[in-house]
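Should a chain be cited, it is by its letter among A, B and C, assigned in written order, with residues numbered from 1 in that chain.
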Amino acid sequence: MQKQLTVKSGARSEMIDITGMVRSVIRDSRVEEGICYVFVPHTTAAVTINENADPDVPRDIGMAMDKAIPWQDHYSHREGNAAAHVKASLMGASEMVFIENGNPVLGTWQSIFFCEFDGPRTRKILVKVVKSRQD
Amino acid sequence: MQKQLTVKSGARSEMIDITGMVRSVIRDSRVEEGICYVFVPHTTAAVTINENADPDVPRDIGMAMDKAIPWQDHYSHREGNAAAHVKASLMGASEMVFIENGNPVLGTWQSIFFCEFDGPRTRKILVKVVKSRQD
Amino acid sequence: MQKQLTVKSGARSEMIDITGMVRSVIRDSRVEEGICYVFVPHTTAAVTINENADPDVPRDIGMAMDKAIPWQDHYSHREGNAAAHVKASLMGASEMVFIENGNPVLGTWQSIFFCEFDGPRTRKILVKVVKSRQD
């Protein structure tokens, strides 16, 4: 089962918690044991897993990424968003979580984040739920 | 089905578009719905997904990686390629894409790149296509 | 089959080779052909694949990460370990390796490392082995 989600970012850099949306896709799939894959079909956005109990954590991640990969840095790409492309590759286009008893298996502090690096934009996220073989 | 591909890099750092090769493996597998996994069995190379419409994008990614992880930086590893190892871990040894109707599901601007960080060399890439359960 | 492993880190930053532990889980699963997924349910730790033949390589990776993402850098997160969260997202919470003839398919120099970024702590690692369909 593959499902397409939509998120709207409101800033150039933004971490959007999509754990609830992913949890809903898993519930709708009725898969009890398996793996859920999240894929971002964009080249200036990504997906990552980190803490959201303190909203300062995603904020700090964005800030540290901006320092490590500065927005202006003599890039060749004329569109002006080269840094966003670099960050997308560093964070990665996909994540996966195990499914047990119909729920994603996440650590106490783990949330799944869509990472916007060149917003604001309307973005797509693809989610696929695969059942584990019982035989 | 697992298949081994070979690529030859021509520079120390190089992003090589392997989307066509991956697409061929998927077509040969005759899998219509599933997941395609790409794995790089090296420690100074990686795989990532990004834009290739403008060749400046992969070039900028290489440049930004060189700035964030400088080639010379008081490393201990005597082989002299420690930076390449760091970049390999940051980019990651694997990627996965969904398969629908026999084709990889990629965004408009997404291509799959083999990332050479210590070339020129002849390198291996492993690709595995897994069919989704229909039941 | 999902299994939980435990590792104890002895320093703030540490790369712990878990290849042997992962290999044991695969052997115990009796799966001959498939994929093994490794997932770290923490937000200040990660998993990566790199070289361990020279122990200077994992040491250099830790050092380069510390330089790219400094421990002190005007972060907002009051717990004081924001850099560890950033590094966890950069390295990633999961890795996967193919299984052939009951063994993980790794390149000559590849080992699987648990990455501690905020130790010393006792940590969990989840491993799932999925058999490939033969039909």
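Convention: contacts are C-beta pairs under 8 Å (C-beta built on N, C-alpha and C of every residue); 3 or more make two chains touch, one makes a residue touch a chain.
Being a predicted model, the structure only gives us computed values, none of them experimental.
Which word fits the touch map of the chains here: line, ring, star, complete or other?
complete
Given that chain A and chain B are copies of one sequence and touch, is their interface built from the same residue numbers on both sides (over half shared) or different ones?
Different-residue interface.
Counting only Cα atoms for the centres, state how far chain A is from chain B in Å.
Distance between chain centres: 19 Å.
For chain C, which residues are shared contacts with two or more other chains?
Each of 68, 90, 92, 96, 133 in chain C touches at least two other chains.
Under the stated contact criterion, what part of chain A meets chain B in this complex?
Within the complex, chain A contacts chain B at residues 2, 37, 39-43, 68-69, 73-79, 82-83, 85-86, 88-90, 92-94, 96, 124, 126, 128, 130-131, 133.
Please name which positions on chain A make contact with chain C in the complex.
Those in contact with chain C are residues 35, 48-51, 54, 56-57, 59-61, 63-65, 67-68, 90-92, 95-98, 100, 105-110, 132-133.
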